[in-house]
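Each of the next two complexes has chain A plus one more chain, namely chain B in the first and chain C in the second.
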Partner chain A sequence: MRQIIKNEWRLLLRHKILLRFCFCFLLILILALFLSNQQHRAQLSTYKIAKDELREQWESIDSMNPHSAAHYGTYVFKPSNILTNLDEGVNGVTGNVLRVEGHVQNEMVYSEASQMMSVSKFGKLKASLILQYIVPLLLMFLAFSTVNSERQQGRLKTLLLQSTSLFRLMISKAIAIWLFGLSLLGFSVFIYTILNFNNLNAELFLRLILFLISYGLYYFIVVGLTIFLTIYFKRPLIALTTMIGIWILWTVFIPNIVMSSVEKWHLLPNRNEFKSAMKEDRSKGIDGHNPSDERGKALEEKVLAEYKVDSLSQLPINFDGIRMQADEEYGNIVWDKHFGNLSNVLIEQKQKVQLFGILSPMLALKNSSMGYAGSDNIHHQAFLRQVEDYRRIFIKQLNDEHAYGGSKTGNWGWKAQNDFFKSVKDFNYKSTELKSVWTYYLTDNIILLIWSIVTILMIFLGTKRMQII
Partner chain B sequence: MKTLAILKYEWIHFIRSPFKIVALVLFILASVYGLHNGSDLFKTRTLEIDRIQTQAQASQADIIAYYDKNLKGPSDRPWVDVSTPFWALSYSYVYEFKSPSPLMVYGVGQAEKYGYYKRITNRSSPYDTDMAEEIANPERLQTGYLDFTFSIIYLLPLLLMIYLYTIKGTEVDTGILPLITVQATRTKLWLWTRISFYFILVLSILILLLFYGAILTDVFNNDFSGFLNYLVMMLLYLTLWTIIFGLIINYGSFSITNTLKMVGIWLLFAFIVPGSIHQVVSTKYPANLMIDFIDAQRDEKDKLYSLPDSIFQQKLNEKFPQILNSIVMKDSLKRNRAMNESAASLTNDLTKKSLKTIESSYTEKNKLIKSTYWFNPITFFQNRFNSITQTHFDDYQNYRDQIQSLVDKQIEILVLDIWGDVQVDKERYLDYINILSN
Partner chain C sequence: MVTLNQVSKSFKGNKAVDKLSLEIAEGEILGLLGANGAGKSTTINMLLGFIKPDSGAISINHIDVVTGSESTRKLIGYIPENVNLYNDLSGVENLDYFCRLANLKYEPSKLGEFLLKCGLQLEAHHQKISSYSKGMRQKVGIAIAYAKKAKVLLLDEPASGLDPLASNELSVLLKSLAASGTSILMASHDIFRVREVCNRIGILKNGILVKELNSKEVSANELETIYLEYMQN
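== the complex of A and B ==
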């Protein structure tokens, strides 16, 4: 088997057109990685400037009423993850800026895609674009050509006489071409590692390995299936066109149809309905800005009883801050309910899409590629959750200062000082660790593995019925 | 061989090729699915706009009832007084919509990247956070919507490829090309007639699909010229790919090499060129984090509010010289309140100034993209189709401009009525709605 693989490689390296093609491919790949790296740096620098500027503005608040500061709020920018150099995932279409303020949980806005006209439906020239769309095609042609040339030149019989089985011969060819695909993959990761050497860590390394494994499995499926079709069909052209047809179905047709359909099977609310439902639920809680609100009155009585006083003016603290915080806490329950439902629908949609990996392993590859690159919706939702957690701490700190910082109820002119504002921590994004999300990609990997096994079986069955003339 | 005979034999060949029939069926299914997707989005948005308009009218009716009952406003909001221009305008419930074009049935373009309704107040801006796009699965947004334009741009070349790759190649592969040369008066005529057969076939199918789409959203009655524009653009696109593939066949030989060349060209134009340009544009112009806008909304605004009254008043006078001799100007008691309630006019200017820089960066980006059209046909056609279906970036920019002009209009009415000490009654309230709705 090793000899056949070696021999295949020798033939591949002798193929001048192939070498030229590989050279062009490598150039495009290097260009893609280089440009992605440049883009990442440019985005990172913009992000850093924006973040620092906003923090500086916050820290330079000389004195301000804490509740006014809650309205003044702050902004969180979505940081660019280093792995997005390989696969940008949803980052181009989700927003980049999220306003953090009191009373409202805002949504991310100003996505990159909304800031320019349409350019590319399949995304930027990232390594993933080449590795997902171009490399499989190249492998397909190579696999087709290696079996077809043996057949056309009548060498199969001679090879079989040299005491090897047809299955062993075909599987060796598949492995040889697959290894070629792996070497292209390895090259991409190698260049990526060199460009980002300073940022490498165990988490990143693990993600890279899983990224490699997913692509590796997909390449094996593509190579194996092409070999099967080439031995199955007597006419080489039919084999090649069928494989190209499958490639079209897998990469262009099925992903688009499935993604469009799952949104119809698991409906998301429209924005207006969603906002109205949240507003409705929120109106059942305490209105922080309305002292005559009934639930606010009940809270007032509770606090008065706690402090054993008869009126708000006798309270040693500022009840307005307590009311505001009660309003926030109710709002948080409402947010958890509605965004929880939204998140559940999104997960259901993802699970359904993943199942369609049985029809198109490309879907499984796309999911795991984005997932391991930390740029899929799961990671995006985790980011949003972190921002919301931060918002709660941020607003609570301001409300607590309002309540217990030294002012009395109704004293809206009271202002907290600069030291306090400096003490409020800035948002620091902690990258989502793979161990907390890996289960989401299990289905994709299992599907890729099953497809690989099925492909081996198909080659086995194909060789059984193949007639050697 | 006569042209008609070539066409006849090609038809026989076509109907006897299951592979080609299956490809056509798949293409038609995808296109019909895409047309329904577009139509669904059009209908959903139209319904949503109707719903919001109905809600707004109900809210306006509530306010009108306050005037009829001589009330100042909602009982749980004692500070509200709808007889003042400030509160009457705040409760005018005026919306600006980006109504979908019936041509959306053919393509949703960039529609899903933007909001399409916006309540206008004197503090609104076209980049407010409520202008977020409709709730959607980001992974679906990233994959894109399977609309009819997608079928045209990406699937149509593939369909053509499936139809054309065997032309001449099979004859070369099997060594019967010399026979064709003997029978046909001119080989090139034979070749291009066969290619034309598929061109006509595909064009006929596309026209039928266009008609089907037109029925779904009543395109003929609503935008017939748009339909014709789409048809012409589609024809040009089909011609482009037919010529490209025709030339490959004309100068190529074996089917396999022709197929590889066709796939290669498609990959180049569909993936590599647009992807590279997208990458270069993003590197040169990273996503704008709207810092200028944020600054205008917070720090610049705060600075403005902390200005001494005299300077604040001076700025207002410069902007609205009409208020210099107004009734309120002469009344020191009312003047301070009027000044506070007119602040939106100055903050609006700050916002507009910040947006100029941001929008000019968008223009630069778009200029760069447009400059690549000559070697990037897919992006060119995609944007042309988006323009026709009114789902292009520029259409949403126009929508944002309309929002801004409506905000400006509302602010002008607000300031002039505040300083003119106008008492808002039912009639004036209805005037507000009429002026701002037109």
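== the complex of A and C ==
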């Protein structure tokens, strides 16, 4: 086996056209990684400048009514981790800036300006584009070529007479071509590691390994299936066109059909429906700005009873802040319900899409690639939850200051001082750890593994029925 | 020793080989003459174990080819009409690779010796196969069988397309291999080359062995007459 693999490599390395192609490929890959890295750094730097500026503005508030400050709000930025240089995932379409303020949970806005114009038409030059589309194509042609040349040039008889079995020969060829794909993948990761050496940590390293494993399995499937088809069909043209057809199905048709179907099976509300439903539910709660609101009245009575006083003017605190917070908390319940529903639908959609990896391992690869790069919807949802958690603490702090900071009910002109605003903590994004999300990618990995095993079996069965003559 | 006993093979109802019985002793060269479709290549492929006979028995060194093809293939060297090797590798590299596949590891000098023994000039050893002539490729093919210490050598139209010098070199080489104990079966159209190289000659027609001759007992012209008689009848 080792001899066959070694010989395949020797032949590959003597293939001048292939070497020229690989050279160009590696240049493009380096360029893609370099550009991604530059873009990532520029983005981080922009975020940092904007974040610092916003924080400075916040901390420079000399005096302001806390509730006005809640409306003034702040902005948080979605920092991408360095693995998104390999696979940008949904980051390009989700946007990366979120306004945090009282009463409302805003949506992500402002995707990068660089995503406008040509990028939206042609997509970005990301390593994932090359690793998911170009490398498998190259591997397909190499796998086809190695088996076909043995067959067409009539070397099979001579090879089999040297005490090697057809299965051993074919599986060794599959491994040799697969290793070639892995070496391209390894090169990408090597360049990536050099570019990001200082930022790598155990978490990212683990993600990187799992990222590599997913691609490794996918490459084996592509190579193995091509070898099987080349064995199976006597006519090489049919074998190659079948494989290209399968590849187009895997990469274009099945993902699109599956996504459209899954979106119909598990309907997400459209933006207007979602907002209307939120608004309707929210209207059933306390209106923080309406003192004559019935539920507000009930809360008022409760607070008056707690403080054993008869009127709001007798309260030692500012009831407006309490009402505002009650309104907020009700809003939070409404958000939890709707966002939870949304999240459940998204997870159901994801699970269905994952199952279709049985039909197209490309789906499984894409899912796990984005997942391990931390750029999929699961990570995006986790970010949104972190922001919402922060928003709740942020607004509660402002409402509490309004209620208990020293003002009285109705005193909207009361202002908190600079010390208070400085004490309000800034949003610090804590990256989602793999241990909390790895189960989401288990199905994809199992499917890739099953495909790999099935591919080996197919090669085995193919060699059993292959006619040497 | 190679034995075929009442071997038959049909393809889609057409008899390719019909009750063929042959024996090739150690050090003997048997030539099989016959027109295209006479069953020569089918016979060789059955001996190689790539085609199973419908009936009859084939054995090499008393090992059944059907049930023990893994063992018998170790004993066989095969030279097709066009020896196809890896064009991007040199003669030595090709020989080394095929030897290693058979779990034989030779020093480069030994590989060179094999090639020299099979008539490949030293200066060609490290040239790429793509620059080799047909005759040179055949020499590498025979060197593969030689290095493998094949007990049986099967040749399918080996002299076809060779220039007279290369063809003569092939004859000398085959005789030398037979002298060292190799059993050789050579299927060919070339009556004169078969007469010159082989000890015995069989004429196949429609899968039937119609005539067996001792090459010493017939001249080339007589052999041609006999062959044509059988082919025309």
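Structure notes:
The criterion applied here is as follows: the second predicted complex is superposed on the first by the 460 of 469 C-alpha atoms of A that agree within 3 Å, B and C clash if a C-alpha of one lies under 4 Å from a C-alpha of the other, contacts with A are read in each partner's own complex, and residues count from 1 in each chain.
We take it that contacts are C-beta pairs under 8 Å (C-beta built on N, C-alpha and C of every residue); 3 or more make two chains touch, one makes a residue touch a chain.
All of these numbers come straight from a predicted model, not from anything done at the bench.
For the composite obtained by overlaying on chain A, chain B and chain C can both be accommodated side by side without a clash. Contact with chain C, but none with chain B, is seen for A:R14 once the two complexes are overlaid on the shared chain. Judged by the touch definition given at the top, the superposed model places A:T164 against chain C, while chain B stays out of reach.
When the two structures are aligned on the shared chain, A:G154 is found in touch with chain C, with no touch to chain B.
Here chain B and chain C are compared by how many residues of chain A each touches, and B touches more. Once chain A of one complex is fitted onto chain A of the other, the partner contacts of A:A42 are limited to chain B, with no touch recorded for chain C. Using the contact criterion defined above for the overlaid structures, shared-chain residue A:I4 touches chain C, although it does not reach chain B. Between chain B and chain C, the smallest C-alpha to C-alpha distance in the superposed model amounts to 19 Å. Shared contact residues on chain A (touching chain B in one structure, chain C in the other): none found.
Those residues of chain A that touch chain B in the shared complex are 28, 31-32, 35-36, 38-39, 42-43, 45-47, 49-50, 53-54, 57, 72, 75, 77, 89-90, 92-97, 99, 106-126, 129, 133-134, 137, 141, 236-238, 240-241, 244-245, 248, 252-253, 255-257, 259-260, 262-263, 268-272, 274, 290, 292-293, 342, 346, 349-350, 353, 370, 376-377, 380. Those residues of chain B lying in contact with chain A across their complex are 19, 23, 26, 30, 33, 37, 44, 48, 51-52, 76-77, 109-110, 113-115, 117, 127, 129, 131-146, 150, 153-155, 158, 162, 165-166, 170, 173, 255-256, 259-260, 263, 267, 270-272, 274-291, 294, 298-299, 302, 361-362, 365-366, 369, 379, 382-383, 386, 392-394, 396. Put simply, chain A touches chain C in their complex at residues 3-4, 7, 10-11, 14-15, 153-155, 157-164, 468-469.
Within the complex formed with chain A, the residues of chain C that make contact are 45, 48, 50-51, 70, 73-74, 76-78, 80, 82-86, 88-89, 93, 97-103, 141, 144, 148.
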